[in-house]
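Working notes for the structure below.
Labels run A, B, C and D following the written order; every chain starts at residue 1.
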Amino acid sequence: MSSRFVRRAIGAACVGAVVLLAILGPWLIEADPLRQNLRAALRPPFGDDLLGTDHLGRSVLARLAHAARLSVSFGAASAASAALLGTGLGLVAALRGGIVDRVAGALCDATMALPGLLLVLILAAFAPGAFWPLYLGIALALWVEFFRLVRTVARSRLMAPEVEAARLFGFGDLHIVKRHLLPHLLPALGALFAFGFGASVAAVSTLSFIGVGLRPPTPEWGNMMTELLPYYDEAPIQLLAPAGLLFATVLGLQLLAGRDTK
Amino acid sequence: MGGVGRALADRLLQALFVALLVGVLCFFLAEALPGDQAFRIAAARYGEDMVSGIAADAVRAELGLDRPAWLRLADWLLNIARIDLGVSLVSGESVFEELVHQLGSTIGLSLAALALSALVGPPLGVFFALRAGKLPDAIGTAAAAALRALPSFAVGIALMLVFASWLAVVPAAGYDQPQSWLLPTTTLALGLAATSSIVSRQATLAVLQSSQIAFARTKGLGEFDVVRRHAVRNAAAPVVAYLGVQLVYLVEGVVVVESLFAWPGIGHALVHAVIARDIPMLQGTALAMGLLFVLLNAAVDFACRAIDPRVRHA
Amino acid sequence: MHLRGVFCGFVAATVAAWALAASGPAAADETRTLRIVSPWEITGLDPARSGYIFARLQVAETLVGADNGGNPVPSLAENWTVSPDGLSWRFRLRPNAQFHDGTPANAEAVARSLQRAQSLTGGMLTNAPIAEIAAADGVVSIRTDRPFVALLAFLAHSSAIVLAPSAYSEAGAVTRIVGTGPYRATVVEPPLKVEIAKFEGWAGRPPAIARASYLAVTRGETRTAMAESGQADLVYVLPPEAVDRLRRNPRLAVAVAPIPRTRLLKLNAASPFFADQRVRAAISFALDREGIAASLLRSPESQATQLFPPSLSEWHVQSLPALTHDTARARALLADAGWKPGQSGIVEKDGRPFRVTLRTFSDRPEQPPMAAAIQAQLREIGIDMRVAIVNSGEIPAGHRDGTLEMALFARNFSLVPDPIGTLLQDYGPQGGDWGAMNWSSADLARTLEMLGSTSDPAERARLRAAAARVLHAELPVIPVAWFDYGVAASRRLQNVSIDPFELSYRLDAMRWAE
Amino acid sequence: MNAAPALEVEGLCVAAGGRDLVRNACLSLRAGGILVILGESGSGKSLLAHAVMGTLPAELDWRGRIAIGGIDFGALDPKSRRAHWGRAIALLPQEPWASLDPLMRAEDQIAEVHALVGRRTWREARALAGRALGTLGLGSAGGRYPFQLSGGMAQRVAVAVALAGGARLLVADEPTKGLDAECRDEVAELLLSQARAGAALIVITHDIAFARKLGGEMAVMLDAEIVEQGAIAGLLAAPRHAYTKRLLAADPAGWAPAKPVAAANPVVEAANLAVERGGRRLFEGLSVAVCPGEIVAATGCSGCGKTSLGNVLLGLLAPQSGIVRRVSGADAHRFQKLYQDPVSAFASGSPLGVALDDVCRRHGLPLDAPSRILARLRIHPDLLLRRPDQVSGGELQRVALARVLLVDPAFLFADEPTSRLDPIIQQEVMDLLREVVAERRLAMLLVTHDAALAAGMTAKAVRVDARLDAGGTLAAL
């Protein structure tokens, strides 16, 4: 009991700190995240800037705080969209069965077989540097996991007597989803969401690694990691800071979700 | 054995569907891309210094890029039936032959990584489950989250720095020595092991709380035998089933790891194909990845059947 | 129980591999392979695609080479003559020249190979006014339509490497690399690997290095690690930020070689933003070249004070006033041109804010951060520049369809050792894909045309200076930084030298240290 | 034979947070003896068994003396106690089909105990396992997986597994849970044969008929205490404690036979039904009619399709052939069902009150509609604040009945509604059902495997068996 409480408390602290940074950071930190000073590039931490400067002499702390807004909302938006799509489709597939189920299943298989990265790469080629192709591509690649989980759990839950009883009482699908399916799905969905969040921010980073990232000079955690990568031995703290924040967010969400699962 | 035949037929059908979908989707997406295809191909072929309007016009004429799109798609679909994936627009080589060459490297790397992750992840997961709530478990959970949150290139660079630059015990990149396998394989495997350890931990915990395990204990088996003979096998089913999902991550990892470690594989080819809009190559790589996925998933299916008699007899 | 066997086998293999790895390399010098790493991948065997790799590895030779000054030197051709009207060239081949398949590299074979190069899509000879290539009396003769002094430089281009008849398929495509150089290719595995070995039939001084391998590694971090770990003996194009660290490594010799390439901003002079020379000058003044060169390129001396780098000694004009950083003047020039400060600090003219998009590509990893730096510097004078990271082909494509506004890239002025070839392509009346856009100067065109047919050295020097002045004053493109790249060589390797024109790695001159 | 008693328990107490769950229990059992512990759910009888075994959850405290075959078992630390599992004391788990390893063949599960606990070679172990299976009449089932075994077969395999380590004391925790009457007798015979072979048995049950079959000693538990102890035959014939008396009175075997009800227009009627599940024909040519105010009992062995019959009448399952006719004018939701495991019939996450409110809202009933029914069914309103897993089985079944009554049912399919309840609660629920059927002129199909219970509830029964049409009165059977 208490260990579960500790886990949740740590999780809430991690997520809370990141969200606070995102909300208050840009407000409290005076430095302009876009302001360059090439003569003060890669300054070490604890000088004028708490976390030092990046390769263009920009304040890493200010960039982290502004990036938190984008990254947190980006990760949350992609993971939430994927969750919504996957859960919705999974529920419909499980409830309707038959041809709907088969079509949704085939769609899921095909999406899984189609490398997610390819989807993002192609979408990103439509609008280089823009935000929406990354979001769309990542959400489209992520929904599959939610779908598979929801369909499997919902299928077995729908066989349960409680659902049969609800049907006998004349309840519709919506009621059954709300009362009998969602309560069983939420913990696992929460864990998946945490991972989806991490995966989407890491994916942005991977994409900018292969040259398909967000438009500079937008500060974003994933982008920052890639940008600072060449300076790993001169500015390790600056490189690790965004990675650390992403880690804290993922770990925090995972602990909050209460159940760590696939 | 009718079950096996049916499962095979199902997978075959899925493969066909995937092939069709991937081919058509790639084609339309690539077709709809903004910009001039001829220029991209010329850039990829001759390098930035030599791309010019003249080179692009020559490319356009040579590849028939001015033909209607549907005609080119129909060509591709007809040819696929003859296992002819066309010719790479960039290198001018047969896509099929390039794939055969690159697919080997990628499959080798993927299998090695899967094997290594299977060696590390599930045993760790079982270990964490046996110590659930204790310090090693907490560390393991955090480490897994860290590995999931860190993009794989960061992990790769870190390994490269430590083992190649500082300790100089392994080659940093390349593929000509047996040791060359270590870094790319380990990088990929760490990411995979992170997830599979979590899945295994979860599955093992669930099994350990089951009445089968309680009975195995009360019938007199020692804890080691209980875990070895009952917990592991029962936890294996969901873990193996999860492999199917994990393969998706493998693809992403392969793309990064191959470009980081100069590994001549299909992930590498895929990125180049997208950037150059080399549609036949794009269709070919995506198709190969899709079919590989279907194949590996079929393998996972059969592994599940082998492990669980209930699936076998269903 | 089979599974257990496989499992144990795998464990054993993994452990063995790490153990083997720890034991390290140990090979005698005679059989030791020289490992070369560079970022360039082999995209195909076609000389127009990857000919430069085989030329640099000295597997294939061109008819003519170039020395450090860009002057033609004998290669496969021992000597040459040109007719007094400047239209007919005769190349006498090196006697006993032999292809790696054992066939003689005679005039007929060489002429046929050059004819193919002439018709090669994306090749260099296509751009030369060549009327005929023929073989007669053991001599290769080339006739041009007009006097063309740069022919020798064009023949030194890697797309004009000479390959044996057996290298081509019936359709004329290159199916394997059979050249005449001191090394022959033993393994060619596109896109990453080539292995070469000493060619026993080489008639010249036998090279001291018997074997070498070439690996294309696109990531700079990886190349650095390969140099540090000693896995590679020669690493080309070090990431700028790694140069200092590698210099401190006692096992490595690091050289930074300037090459005749300039990073520049291409502007669309037809756009309402850049038609005015004052705006282009303002942008030039807005650039903090020193900051970019020092902190991003780690090479303060690479800030471009004019278009041509000092390494192009014939074209670099000492007396030109340096391009400098002066934000106040930049603002004043913009104001002169009618751009007045508007909302949120962006300058406006006729109600239209100064908002443009710059295209650049990430194949050269320093370009995106440079673009970000330029973005901030232009913002200082009120220009809102967006950065689009694209495929490199999008820049010439945008040039063609007129959609390009600005581009950042690095232009090689020595595609052929004489920059005149590049200049004719880039700054002719129509502009060029990698040069001026919708800008032309009759003055410059005339100067360049005269250069093409004049061979008097003094007159040529005057003309070159005149051309450089026009470009410096008009700024159809704005130079940002000259190019240099780092090469790390193992201390076990001696006689390493860098070819400024990147024609050859000069492996035949290297040897292992005692 | 060992001179020391197989089991001696003195002053055993189990407590959770200061509350006694088992108080001062004293037991003694000789080799070959049988001790049946009878009591209602929650009386502590399972905890007593687990305390003896040493498998109590860690958060429970216990004290007292437990000696097994002369060893002071209770004084050992958990690890040393575990070393005796299988060797000296074994546990026969509830629902053995869920306790056998689903991935291992039956024979291997027995053999591994011989090999790993008995330290024999695998060859010997297999031979012993084969012999044990033969003795239990399972000679051909050794190669099967648990999911291929029937409940009774799984029970026999579990016994073989539990005893393979050579334990002389077997603790059987509700071994008949979920089994039908025939299987129950089989299990009794099986346990008796083990006792005859010299094993001492502790059997936890609430099934009086089963206890009677076993014979031996009996202890009756109520509220954490053993209230009565003695030889089964004597105790059943002349119970002294009031609770024991009530327990015996509640045994359906003692219920008065029900009287026939006058026939009326059937609410639901099926003719010539044939039903298949999973490719197996369950029954065919079956006809049944249920009239208002009438209870029809469906009986038959487990797996014969009793539940499927009910589901067909409800329209949840389509028959392969035959017709189902419902009375005209009745809404679909007036055909209702009571479940064997009421916990599974409620959404596990929400309080019971919410479930009732949902039904009211769905059918436009006033939100106070349940209160009258709750009062009628003697359900305390506070109960509705709890979640389904927080109330007892009997209470929950009554809430389930209340929920059903809210929609004014015409037909009720009661699927073994009391098979998981102990006799006293069973009687209460059944009485309630009988009253409700009469009051509301409800047509009810009652599925049960307990012939005595069926006879006590109704005079009209349908026997569901493969290829058998035996609609008629109970007397005809």
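To be clear about the criterion, a contact is a pair of C-beta atoms (placed from the backbone, for glycine too) under 8 Å apart; a residue touches a chain by one contact, two chains touch by 3 or more.
Keep in mind that this is a model prediction, so the values were computed, not measured.
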In contact with chain C and with chain D at once: which chains are those? Just list them.
A, B
Between chain A and chain D, how many steps is the shortest route if every step has to go to a touching chain?
1
Look at the interfaces A-B and B-D and say which one is made up of more C-beta pairs in contact.
A-B
Which chain's centre, taken as the mean of its Cα atoms, is farthest from the centre of chain C?
D
Closest chain to global C-alpha mean, per-chain Cα centroids:
B
Expressed in whole Å, how far the mean CA point of chain A lies from that of chain B is 21
Whole-Å gap between the CA centroids of chain B and chain D
50
For chain B paired with chain C, centre-to-centre distance based on mean C-alpha positions, whole Å:
36
Could you state the distance in Å from the CA-based centre of chain A to that of chain C?
42
Two or more other chains in contact with one residue: find those residues in chain A.
211, 229, 232-233
At least two partner chains per residue is the criterion; list those residues in chain D.
none
Mark out which residues of chain B touch at least two other chains, giving numbers and ranges.
157, 161, 259, 275, 277
Pairs of chains in contact here are A-B, A-C, A-D, B-C, B-D
Touch list for chain C against partner chain A, complex:
220-221, 239, 241-242, 245, 288, 291-292, 294-296, 361-363, 365, 368-369, 371-373, 375-377, 379, 386-390
Would you tell me which residues of chain B are touching chain C in their complex?
35-36, 38-56, 58-59, 62, 90-93, 101, 115-116, 119, 157, 160-161, 164-165, 168-176, 178-179, 181-182, 259-262, 264, 268, 272, 275-277
Would you pull the chain B residues touching chain A in the complex into a rising list?
14, 17-18, 21-22, 25-26, 29-30, 32-34, 133, 141-142, 144-146, 148-154, 157, 161, 195, 198-199, 201-202, 242, 244-245, 247-248, 251-252, 255-256, 259, 270-271, 274-275, 277, 282, 286, 289-291, 293-294
Taking the complex as given, what residues does chain D use to touch chain A?
314, 316, 331-333, 335-337, 339, 341, 344-350, 358-359, 362-363, 403, 407
Hey, which residues of chain A end up touching chain C in the complex?
34-36, 38-39, 41-42, 55-57, 128-129, 211-213, 215-217, 227, 229-234
